[in-house]
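Here you go, one structure.
Letters A, B, C and D mark the chains as written, and numbering starts fresh at 1 in each.
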Amino acid sequence: MPDFQSILEDIYQKLTNDDDKGEVASYIPELANVDPDAFGIYLQFINGEHYEVGQSQTPISIQSISKVLTLAMAIQMEGLNLWERIDVEPSGNPFNHLSLLEMENGVPRNPLINTGALVVADILVSQLKHPKEEFLQFVRDISNDQTINYDQKVFLSEQATGYRNFAAANLLKTFGNLHNDVDEVLDFYFHQCSISMSCAQLANAFYMFANRGKCIQGKLHLKKKYAKRINAIMLTCGFYDEAGEFAFEVGLPGKSGVGGGIIALLPNEFVISVWSPGLNEKGNSKLGMEALEMFTTQSNLSIF
Amino acid sequence: MPDFQSILEDIYQKLTNDDDKGEVASYIPELANVDPDAFGIYLQFINGEHYEVGQSQTPISIQSISKVLTLAMAIQMEGLNLWERIDVEPSGNPFNHLSLLEMENGVPRNPLINTGALVVADILVSQLKHPKEEFLQFVRDISNDQTINYDQKVFLSEQATGYRNFAAANLLKTFGNLHNDVDEVLDFYFHQCSISMSCAQLANAFYMFANRGKCIQGKLHLKKKYAKRINAIMLTCGFYDEAGEFAFEVGLPGKSGVGGGIIALLPNEFVISVWSPGLNEKGNSKLGMEALEMFTTQSNLSIF
Amino acid sequence: MPDFQSILEDIYQKLTNDDDKGEVASYIPELANVDPDAFGIYLQFINGEHYEVGQSQTPISIQSISKVLTLAMAIQMEGLNLWERIDVEPSGNPFNHLSLLEMENGVPRNPLINTGALVVADILVSQLKHPKEEFLQFVRDISNDQTINYDQKVFLSEQATGYRNFAAANLLKTFGNLHNDVDEVLDFYFHQCSISMSCAQLANAFYMFANRGKCIQGKLHLKKKYAKRINAIMLTCGFYDEAGEFAFEVGLPGKSGVGGGIIALLPNEFVISVWSPGLNEKGNSKLGMEALEMFTTQSNLSIF
Amino acid sequence: MPDFQSILEDIYQKLTNDDDKGEVASYIPELANVDPDAFGIYLQFINGEHYEVGQSQTPISIQSISKVLTLAMAIQMEGLNLWERIDVEPSGNPFNHLSLLEMENGVPRNPLINTGALVVADILVSQLKHPKEEFLQFVRDISNDQTINYDQKVFLSEQATGYRNFAAANLLKTFGNLHNDVDEVLDFYFHQCSISMSCAQLANAFYMFANRGKCIQGKLHLKKKYAKRINAIMLTCGFYDEAGEFAFEVGLPGKSGVGGGIIALLPNEFVISVWSPGLNEKGNSKLGMEALEMFTTQSNLSIF
């Protein structure tokens, strides 16, 4: 059994001394204010053990990581119907996603790109009476932490500058693949992206994906077969145009966000979350990717 | 000298008996209400002679034909600066224009596709104190007809269903190629498309393009060099994906609109406008295209 | 422990009674001659146990499955240099691969699409003294079966009709990403695709990918880290535009060929090969895909 | 009436003193050997007058200009059937033409891009008993000059390096849009591109397009309606991705070649040919484009 605390500390040591920490996302003013040197890891095993290093308890903007959580909530309610409106193929596209959406007649490639997540958001807006409240409660429940909340400043910042998402939602509307009002869906979507969670909270929230649908409290939040399939989607689609690279270098299902967070997991074994705000040119946390590669190499734990 | 009245009547006779009149545009409820059998032609020579047949005095929704008129007004004010924000190449694209815009970093292919016309609209909104009023006045002036007006019902119909234009405007905004508020630009754009003009009024409005910038009253509204260049743009870009076909079959600069109108002209010779509401699969008036082909063949008048 | 023989027989029973067996590939005359009702499965565990059903010993044309084997041979010789000429991202592309190659300046998306496999073939042609003989020997060695051979008729059939591959190789040449003569590389490539192997032989050949690089005889043919990475590539790129679907439905790394064969594996556990010649519309064996989905569902074995 | 000789001399003076003459094409060794400072213009009026300046009698490699001549020969034989295999829309594409061909199922956008010209070449190979000899004779006849010939060195140079054309021809073959053997069609195609003609000879050869199909000797080589339509195609498709720009700046049908030649014409008025070997970034003669723009501006002669 490897000494996981040593591995994490070794990664922390090496990477925090790296001169090139990537570029902090600046397209949302609120994200640009973060400390570029922040770095944290939280490692939670299914058997209950956990390890952490650095700023693993600092809240960060989860951004696109939220797409996995809305997908989980939607699939639990919609089941297979969901796949009539969204595909499950990697986008694998160097060009922007609106082109792809247009060429494929309004069916997003997968639920983890923006256009796909907008359709998922639309489903939740249709299905839930109080979408924002109920989704937040879902996140709190699976994380076993009632303090998790939306960050209003981040929400406003995204809403004021999210022209591309306005474009995407309107384009989905032209294809009949957005059933609710554009503004209502975007209000929900910008909220979900604005949730603040620490590495520790993220690891708790994603525990259920590594544990066949059961959260750390043992409660079933997601059918086993759905957990398995969302893991498959994370592996093939979780890292934008770098999904293949991540599978190749790290070998775990996972999801990144432009806030610099990454969550990854080995089914039946562990969940790991990393945070470092600087992004590489593909939009994933630069040191976060390196940390996970180091971790799977040193621990010899991966799905392949 | 051919007998132009006979030619027009012959065309009218043959085409109004055509069983396949194409499909009337239905995406805007207001456009779908038009009589599918309506057909009119108005032919105005630079020397003053004119000929007409059918419903040449019935007002129609000019739709995309308005793009040439906003371009004329914008180029007169902006001159060559305009081309820093819009290209002049044919789109020649079977796919939708948002893809192209995305792949070319927010610079529309030409001013006669929707995304290009939105940038032209944005320029007019920036340059004019009362954009809608001043543009309408410009159209009235070049047409020498103060009765021309916006059709409020068509405007509201387009605004309520124009998701693709909302998507396009927001996408332009992400590339920094829309300087004003999205809603303000679209309000102007939906208005310009909603203008009602008869074939006769259209022929008068476009007289200046065939007459080196001078309207039928002899007043210069457009520099000669700009008239020449807009003619070139109409020839290469005036008919969506059918521009080459139109140049090939008809051989005149022109512009179509989904209301079923087409305007075409031979520089220094004549302007001709045709109206038949049914569209072919490329979105141009089916009988209108055929009428113009018959006209240039029978009259032996074309630029080639 | 599930009764694997029962599972295989149950799958055999259900699927061979399926009316819709897909379409046998007809683009190569030699492939079209196969019995459309043929069906076989071979399941080999790392611990030595094996199970089989149907025509598991009938030789089939392995076609694209060979791409994994050339990749293994090339990566063992070239190491990381390989990735300077080929990427590892899913192609995820509804359009044809030449477009993608052109848009990405001659760097194939991954080594399991045709263009990528041509670069791998080019590397072997450069590195090996007698490429065809040495590659065949490699396949025989890892399979522990010296009877495996090229099928000359299939080779000639592919060479005579492989215009798309001639196009691809010439296009790679324009980008400088094919170092040898086009005809020489294609001669090797058409040969590799023409190899005949039964399900049993395939399962033996791929044993090493499930066993950290060691073949069934215990000999190391591939570094452990390369086996792991090729598994990652199979998972994200092994099934053309259906890679995401396969990961989603089956959850195993694998590779299909137009001969109707599919190989899949669970690292450290087992290799499974299936053969049914009829293809679905994405070009993968229709019943083969269904068989693997049934197998992972019933056995509850997958990487997720 | 302008003093045309003065205009030509003025253009010659200004442009030969231009420091930035563009880049001479280097992809074919034989083309790279040309004098980068060479410059010539030949202006032939339909009424018989002609003017010239600079190296207007020096033979140059006509390259893509030959596509108009093969098209003329093919359309005269095939008539409208031709358009079942080639479209007439501008390619307007920043990406390479193989992508477009693939996305449009093997029907080239127009006969003046490489893929379209290969289909035209295929038609001639099918229709003619001795394709190379008969096409050369056609060029000699319309030019009224029996000394015109293929340049064997240029031919060999193109054949040895023309991987992209090999790729294109093979791709056309996969779509069934190349009926003859790939090598036979390419042999013809590389020959047609290798023809050497001076500006004076080019102006004579293209006289018929400006004169309703009759050559300078008064002989009808092309039906009037075909001459008109080829002019339309030259206007919309004659300058790669710069067709719109050329129509916009120059306003004449024309065609360029990578040898630095450009031919342009005003129907019923004149033909003009220009040669300057340096190309702009779109692959058209840099000074050639400028010379034609200056000429139409100063002479006030254009179709618009």
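What we mean here is this: contacts are C-beta pairs under 8 Å (C-beta built on N, C-alpha and C of every residue); 3 or more make two chains touch, one makes a residue touch a chain.
Here the structure is a predicted model, which is why all the values come from computation and not from measurement.
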Query: Hey, what chains does chain A share as contacts with chain B?
result: none
Chain C and chain D, separation of their C-alpha mean positions in angstrom: 47
- request: Measure off the straight-line distance from the CA centroid of chain A to the CA centroid of chain D, and report it in whole Å.
  value: 55
Message: Averaging over Cα atoms per chain, report the distance between chain A and chain C in Å.
response: 32
- prompt: Mind pulling the chain A residues that touch 2 or more other chains?
  reply: 103
- prompt: What graph shape do the protein chains here make by touch: line, ring, star, complete or other?
  reply: ring
- request: Under the touch definition given earlier, write down the residues of chain A that touch chain B in their complex.
  value: 95-96, 98-99, 102-103, 163-164, 166-171, 173-174, 182
Task: Going by the contact rule at the top, pick out the chain D residues touching chain B in the complex.
output: 87-94, 103-104, 109-110, 228-229, 231-233, 235-237, 241-245, 247-248, 251, 253, 267, 302-304
